[in-house]
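Structures follow.
Two complexes follow with chain A in common, the first pairing it with chain B and the second with chain C.
Let's turn to the complex of A and B:
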């Protein structure tokens, strides 16, 4: 094991350590709204729920992945200029295997940043050596830089001038990890867009949510307070302005839905789903709420319907033709949502109105598709 | 004017003793009251013939000489207007003539004839003015109107073709590709000069055509070619509104052109005539390499033939009976099916020696010669090695400076705060 000794001046370390966990009550205020960030710091740990298979499936389906958007042209690619496209002649089998590869790639692109409980400060005194008191005025930090050790398992300890040998706190650990094993895109000093409130708010107002969330993913660990604060404010800003479509087909939609459901705040999202006529996703959302909070009266019904919804293809656009199975499924969904609105909704009248609007539109669609069936001579009972 | 001056001088010279006498006798100031008015015969070469005949004798070129091209270009003698810059009443001797070169009454004073001090620069000015008429002036064009080279016609825009009846060519623009003079022999006239023009016209949205015109004069040839091009429009599909459908090879005579489709923003990297054609059609990105003969008419014809022989993606898929799939680097190489045939062949139905590579297939198995890249002349020299070694340690300084400016707003190091007095010295 090779040890690297790093001598930090005392003032510097103090400065680094000091400001942890003090800004929990910080309020981000912009001209129009002031958002209070809420982080995962309660008794309940969100990680087991988030990583459970049921929830992952629901969150992925709610993301409504549209491949045109998943594989879109990104601003922050390594390509300085565009490249000439490549063309290939493919047989059916080759095309299928290529599409399967693309699906795998899409899964990778849509992998959701984990949601975990906030980290606890490390207070682990290894030894106290009174003989070393006053040996030096500075603190010594020892880092194990053995190849192949994960960053979170790396041994980083510090010897204080008073002779105490203890494990370093997260702030120092992160800094030293970044010094010895740099992560591409992560800065040792926090970027201004996260520290300067004005700059952060201007980003929010310009609706650059994806940029904020992507950069936060690189800069912070998921269990850091700052990460959860930044993402929480961004999610709430999206929720207040109903800009869900900006995050759909990205890896951040799942965590946002999880966040809103976890903090009992899905009414806006539900309203948007009903207004855009995607009742199936509304049922998925009800099921998700039941999974996380277990406070929905007809949650079991929703969960059974979810099993029927999952095999059907993702509805990217409004359908123009309906089959009888579709009609049956959608009717079930509408019934489920009706019950949900009566028993659990906090915005009853608005939800009712949106659902009524959907029903009328849907009836029109049913008449149209049945009429077409009849005109084509395929009469069904 | 010259003859007048001569006459005037003779008049002055002759009665001069008389004037002198008179003045001494009558004490009148210098005037011309007592001049003799008897005619003086002044016949010489200058006043026998009018100015234009005199000039013609100097500038004219014989018929045979004109045919050979004499009396043209830089050494040509030009007719000068010698009256330019001269006024009646103002001459070599600077006299004040009330009522001619000056008012009769100025204020309350009655002006009198008098001799003013001579202007020594007058003749110089006149000569300068006359010289400015003789110099050959080239036609100046604004950079926007300019063609490929100076004020010559090729590359210049000559507007849309003339309307036919009520059909107008709106949105069209014509570019001259070639304008040259041809010599033809005629039974009665002998060798005569003809102008031939080749132009391309198009609306930038897929419609374009080219035409030739011949006439005795260049403008007429251009007009004929333009209107002919307007009658021979062809429609070309443009892929995604910016490029061609696929790479292709095309040729005409000994001219060979290899054309490649390119990504958006690549631009037109090709022969200037091909660039003008692409702009007329509306193609924005393409690369073309001309090999063999660079006969301009052949290049134009070959390129148009090549464009017309393009196959759409659907046609290619049908020919091959395979899916045509597009991969773009900016879309993480997502396989986008651009065309599917009505029936797809299986792997067993594809013969072993069949061309499956897309580019090879559309180029009809022609391969573009890629020349070997030689190192730059300095790269093999010893001083280049020294340069590389010397500057190796500075190679990241640019980035670090930028980063420091982002983080601290200035270029500083860990020593800057420790020794502030040094910093002020260096700044000063």
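Let's turn to the complex of A and C:
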């Protein structure tokens, strides 16, 4: 009898444990799905901020463009024959001009998708002709297909069966624009990967962020609700899983940073920057926050440091040697970040820990480079 | 008169036939060969293989042993006369549920390769590594029927995001969006 009871209890315990696990997994999965998209639909318009020169420069610098990734081999050229690379001997001047060309090309490839306020529905009635009531059972849509007019400015009007002539709404405009002036890669019917949440989530799980965002750019206009919904979910997914490196050196990193800053959510990104030891970019992020939200106490200091940071080359890898100017600049950055953490950070302890880790690492680096200089006989003092 | 003749002829035939069967002393197996000849199980394609099986097969050891790391079509060679293969491959390898050719195409010859949009591991073997385009049947040797199925499956997979590709670049004209700065 006792044995039986023991068995029962064992079974029950198993059952309870199993149930417990189930509830845990349920919570976990629901947490993944519970990303609430937030779009730019408030009172404030993000466009003037986004297009302002300061913000553009900051966002481009935060992208940390690595040319190996920017100019990676793409398979969308539609060339029937692949071109072989050309190897040349160049003089210094030629080389410089080639580098300048490459920079320009990279700048074009890294053009950020614009961030604008969500569009308002178009409802302007041009005329009402009661004489046309019942002329036909379906409505007529008229499109002005004059050459050289941008898709956004094209005249598209519809005549309803009840005789009213009005401008078409965005959806119809988009469809007709696509019919007459097709954008390469856009589908008239929305791809299933955007409409089916299950498929969309599986893409997020596989971390195909760049593909999602690229395709959203092609499929939707930047001021569409669906575009902003899709991108916002993707950005938040990147943010939660700290997969920033997947978006670095792509055109989408800037908009993501802008999105996170706009929605007061930069702590994760800041932590990642501090942990990876790029204090300068952390200062850039503080300056960006000051630019957009103007709630940073030492924002002005950050902005002055930014002016010093911008001429320096992008740090793709950790530096192995430091000059005295570098050390000065980095120390300034560290001080600025310290103040920021005290006054504005929401994850103070973690940020402080990360910064402390950076300080120790940096001290080690300073000692090493000064020792090296001494060993080479170049004593600066 | 004609009807009479015909019926008489028929009756005679029946009677003769009856007569013949009654007089038979040997086995009748050789006489009607059309009746249900057993199909070679390796050539039978009436059985529908579920997709899950196919996906498991692509991960399996047997698959690895058969194809190695190569795409399934690498070792396939088309049979043709002359030095140049015809532009088009054959219409279909399977007729009436049975393989009707001695050299079926890479998909038809292995019944566990199922073309479906979810079977991405198979589909990506038919997409060029260099251009991202779908390989031609001339190159892969697929029969026309399977090639068409392949095109549909890949298009579906692209649409649903099961297969990713390099999306064409879109250049934005900032002046269209930056309205506030201009005014």
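Heads up, the rule we're going with is that the second predicted complex is superposed on the first by the 339 of 381 C-alpha atoms of A that agree within 3 Å, B and C clash if a C-alpha of one lies under 4 Å from a C-alpha of the other, contacts with A are read in each partner's own complex, and residues count from 1 in each chain.
As a working rule, a residue touches a chain if its C-beta (ideal position, glycine included) is under 8 Å from a C-beta of that chain, and two chains touch if they have at least 3 such contacts.
Keep in mind that what you see is a predicted model, and the values were worked out from it rather than measured.
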| item | value |
| --- | --- |
| Which of chain B and chain C A:45 touches, first, second, both or neither | second |
| Partner chain(s) touched by A:71 [first = chain B, second = chain C, both, neither] | first |
| First (chain B), second (chain C), both or neither touched by A:82 | both |
| Partner chain in contact with A:222 - chain B first, chain C second, else both or neither | second |
| Partner chain in contact with A:109 - chain B first, chain C second, else both or neither | both |
| Which partner, chain B or chain C, touches more chain A residues | C |
| Chain B versus chain C as contact partner of A:90, first or second or both or neither | first |
| Partner chain in contact with A:98 - chain B first, chain C second, else both or neither | first |
| Doubly contacted chain A residues - partners chain C and chain B | 74, 77, 79, 82, 109 |
| Residue numbers on chain B that touch chain A, as the complex places them | 246, 260-266, 317, 320, 322-335, 337-338, 344-347, 350, 356, 358-359, 361, 407 |
| Residues of chain C defined as touching chain A within the complex | 128, 130-133, 159-162, 164-174, 176-181 |
| Chain A residues touching chain B - in the complex, by the definition given at the top | 67, 71-74, 77, 79, 81-95, 98-99, 101-102, 105, 109, 189 |
| Sites on chain A touched by chain C in the complex | 45, 47-48, 51, 74-77, 79, 82, 108-109, 111, 113-114, 116, 150, 152, 183-185, 187, 191-193, 196, 199-200, 202-203, 208, 211-212, 214-215, 217-218, 222-223 |
